[in-house]
């Protein structure tokens, strides 16, 4: 773990500048009628879950280039997640992936407590074959033609719930890769019926207080059709399942040009928005670091969420879901958590009264300018002050680098193999 | 109208070749266990509606280049539609657009009867200002911020229904251009609520036996957000309205890469598919001639429809909706009707028993090959024979050209002005 | 014109807050080792041309909804352009469109001088038919099958140069709508050869010191193929023409997902970048206001340009090219000029030394963070102070609204007709 | 290998039906003035190279699901390629990938001769780390920041040429994954310069009579920018390198909606078209089987190539490049070779005289109909007869299945491991 003394020393070196920036911003916001203290409290209240698998280096079908000191198992991953939360104070929970993170629940709970994090939504996996599953998911899982494969996939989801229940989780995210690579490979209607039927079995197994999230993805790993390809199908699924079923929106899982914030608005209207997988992308499901490609889009999503605060029944699960191919995953996850938090705080300072007035008057120019005025406000001092006051680092990345954490774990974690991607 | 003697003479010159092709195809299909006669009967039973406005030359925001002898009013348009149906025997109905086609209903009925066509779904128009409407749709219509504008738009839709009722139509297609050009211009959630509220008023006005079609479009004329932007929103709309509300799929109104045949399958599952606007496109909502850019996509859509034949409650309205910018609209509409009919017949000869078997065996290669085997079968002799036997032309375009129809109407229809598009 | 006293009064009401913000930003930048004064001077030196046609309300093929007091002719447009420059001090030149802006050159020069603007690149128009041109461009212009049409289009371009020469312009931008709507409509290779041949004729007519800009556009108004569809074809064109030919990049003229800043980089490498048409877009060539949809993309383009400063031969022409459908065009153009200027100033404060170091070390995370640190800096005080010192308005839009300019011109400029778009 | 007696027996069972279909098609084409015999000869002359790696099962970053009897090495792969050519008579050459296919050249030549195939273009690989290369390509190869990595990558390309020279190959295809995942990660201009510099070193090493192909790809494995991202950059590369450098077009490597046949036309104009990697795709670089998603697009590409026959210097290398994730790779490659050949033969029966006439008259409708008339002609009898006469199988897939080849090789080739994709 990161030494608290080091964090304090690093913070001390940056505190004067931060206070100057914070005070100046406070004065500026005051002139705009905004209370910086209230924003700081919102920043402190913010949290986004970290994906356990995100602590390892990702790759593509072409190759994976491992990094130094990659985590060997869920306990190493929890160590890394603990570092991320300690420095950012913005990632209080970890989202697990079964079977990748299978271990003795009691040991996981103890480790989590030791590193200061809890557990978020559980993720099942039927897009890969499991060593201990007799049947293959090559031709599908929950929507497979054969009942035996579907039963195996259902059973895996129920087991994932069971594990989660022991860890204090209360939600299951279901994303499947089921689909086809050829027109005609499957009857799309009956394939969807089989999927719904399987989901209903899983739904029955939800413990009291649990929710199930349906996650759509336009394509990949299936390249002609995907069973849950868009929010429309995800909505139909959640509608057929019932109250506990909600839709999860991954920012990278849409067709080109699609207006994602509008989908957010529609799912809120339908009472079916359940949460997010945050990341950023330029071409496909690139799984790039949140806020690095189109930060305004991230802001516009948060603008919808802040606008909808107070909607009855709206209770969102936020998680990062990225692939870190060329960076230290801990650094990327820290920066991403901060970028998501940034968009949230920026959206929180939109002058909603003025905005409503401009909308009433069809004053598109000033309405748009109102959003941009919030977006271009540099809220970094608010985020940094929130971190400082909560015990985190003013500058998480530089503090992390100063700690020598990566080099230290690389001493005990052996170098992982590269992997050849999926193409050979 | 086209002289029947001319049609007969043109057909005579092509009949021997057609019979040779038809017999050869019949023998070939017989070897595949397919009865060509049954396919021919299906071809004869096929019909797609022609859009009245499609008989004029279309344009873009940059310019419109008028053609010769463009129709002056709905009566000229009905003449043109009569020609299209006379030669193709595949377009028995015309879809009207109000206010463009406003006229005395009795006169319209008489003209329609004279030219041998009936009336299909009615289309309302609140994406343009009307000369006799006091309020502007610049900032929306059914979802407008102001109740008075919404009321005007609702009233227009009710009037459109009223006109349609007098003409024997039994469906209203609602497509609106409402949306925004700037993030923040409108609150997307409340805008949708206003839209739904307006649609409920129109729904109440549906006569017995009528249906209302909700048509989505990803963008244009609104460029940042569109109220009914995709099939998910269209589905929500149809669900909230009730039984008589269905979704209409326009082939050009989707985000890039979207799998349209899958949307068709999903809407069938939901019991909400109402019909189609056929066209083709390469980039956006290009409104190109059906089947000219990606004929296999058209086939795959029909493959879903033929597969779903017999689904309880499935009763589809098919219409062409294209913009003819560089061709004679009559020729484009004739060719398009034939291309849509072609895809329908090709989809009808898919060996569905074999396909189901391959799907059962996860034999993706042969399942896909089964579709392609149907698609690559040249069914032109079936289409031509169906036309010949029904009184149409073996070759509609050449027969039309031989008739001199365009030159004749150009004598009485004055040259229309070009128009400058929307940019100046 | 806007009364100077009003501007002064408006500025006075905002000056104290501005000075406070400016000083705080100056102190902050000083801590980052950046001289705010130097940035302010760069802001003052910035200029982007305004398109004369942008002062009118735009539209789509569906409709055009006119605004109040739209300019009747080039003299009204120059009045509007003068207002834009007076308040923003960022738009010193106007780009003309022939034949729309045809008038007596001496009168135009006098008017321009009176309103305080000059003339930028000239734009020819062969995507519409001209009242005084005997031949139609329905099937193309510079690439038309018939030599007579090509000759007419060439002659029009030469005339446009001639007009520009009298006005002090020194560049011609050529954008044509030539292309096809059907596969097979034209032989794409020979069509391109005809285009090149025509362009060579125009190139020969360039006066001493002039340049010609080739502008590409992926689609619209042609919907299957476009003669100059992408930067590759534009580059080939500029290469074949010679030294005076450069490529102009319009931000909205690309396929979905394309990395535009990379195209900028490549054209700089090739020595062929000539300038920009600024706007923003979400779906197609939406022509939305600059910086309103993806401001980070605009920043990344400017990041390339600032990085390339000092490249021998690099001399860029910057112009706004937008369609204002739902706003007051003067307001949109003022805001857009400021957003483009903002991105330029943000790009100017990238720590390029640090960036180069991170790039050298393959430190992707910190390299990316370096760009974002510049982007998120709120440079509004720099822009506003630059305007104030140059005689413009601290807040151009509010000052403009306070002036009552639009209402005043609406008194003398009659209401324009809506136009029905291209679809009817 | 496949027993010739089996092939003969399979053919015998299908020959009567084929001859009936062939004769009927011959009679039909004769009525259209087309000689079926000439088309059959063109079909026989057609050949497309098979990628050695395509004989293995592909995968995605999520998973790879191995098939039965996957080839262990280049000798197994050559066996599979021999089967493909024996049955289709359309794939006379194999394209190799180094280091995957490294072996003793003499042994490879002997094996190739034994199975009846030759060697096509060589492919180098610097998108993965090599076991025997000391430096990693994680941050690039030919464009890497460090000279040592670039030198290693250059040396690998030179070695690939050397191997190819011993095998009778005469071309090197260079595709690199170099690019970035973050704005700012690399200076895009200098990165391109380093790439060009490396390519010049490789170019110098080309033996007499060799060519080098530059292959572009819009994204993946790099997700923000790719050094050779489009045909414009590929063209610039080929121009800077010299005469022996050409551009290779992979059908799946383009932005959404891009008109690929137009790129083909432009590269022919520039004298820089070198060849193709055939496949099909719906969303991104899906690497689906050729002709299974958009067969008309494949036809339109071939339409350009057939139209350009006889262009001085045009000498194209055609190769399949697909990922077979859910099918038997041998079956997919056979079907794909036939689909590519089908498009070639269909393009060969376009009535080019009539087409030119329609183009001359701006008769877009008939020009387009002329292409479609060729496309919809079912040329299967021509392809099958060409195969039969050349010693292949009338029905390659059914003959292959009847042979039991896969089961037989699965006896000697051990089951390969699944691999976990790149994400863990």
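Worth a mention:
Note that the chains take the letters A, B, C and D in the order they are written out, and that residue 1 is the start of every chain.
To be clear about the criterion, a contact is a pair of C-beta atoms (placed from the backbone, for glycine too) under 8 Å apart; a residue touches a chain by one contact, two chains touch by 3 or more.
Quantities reported herein were computed from a predicted structural model and do not represent experimental measurements.
In summary, the chains found to touch both chain A and chain C are B, D. In the contact between chain A and chain D, the residue numbers used by both copies make up over half of all numbers at that interface. Each chain gets a centre from the mean of its Cα atoms; the one farthest from the centre of chain D is C.
Distance between chain A and chain B, defined via averaged C-alpha coordinates, is recorded as 42 Å. Our note on geometry: chain B versus chain C, Cα centroid distance of 39 Å, whole angstroms.
Contact with two or more other chains is made by residues 138-139, 180-183, 185, 218-219, 224, 256-257, 259, 282-283, 289, 292-293, 296, 326-327, 362, 364-365, 368 of chain C. Those residues of chain A that touch chain D in the shared complex are 53, 56, 58-65, 100, 127-129, 136-139, 177, 180-183, 185, 218-221, 223-224, 256, 281-284, 286-289, 292-293, 323, 325-327, 418-424.
Residue ranges on chain B touching chain A, taken from their complex, read 138-139, 145, 180-189, 192-193, 218-219, 224-225, 229-233, 235-236, 254-259, 261-263, 265-266, 268-270, 296, 300, 303-304, 307-308, 355-356, 358-360, 362, 364-365, 367-368, 370-371. For chain C in complex with chain A, the residues that touch the partner chain are 17, 20-21, 24-25, 27-28, 31, 256-257, 259, 282-283, 289, 291-297, 326-328, 331-332, 335, 342, 362, 364-366, 368-369, 372, 375-378, 380, 397.
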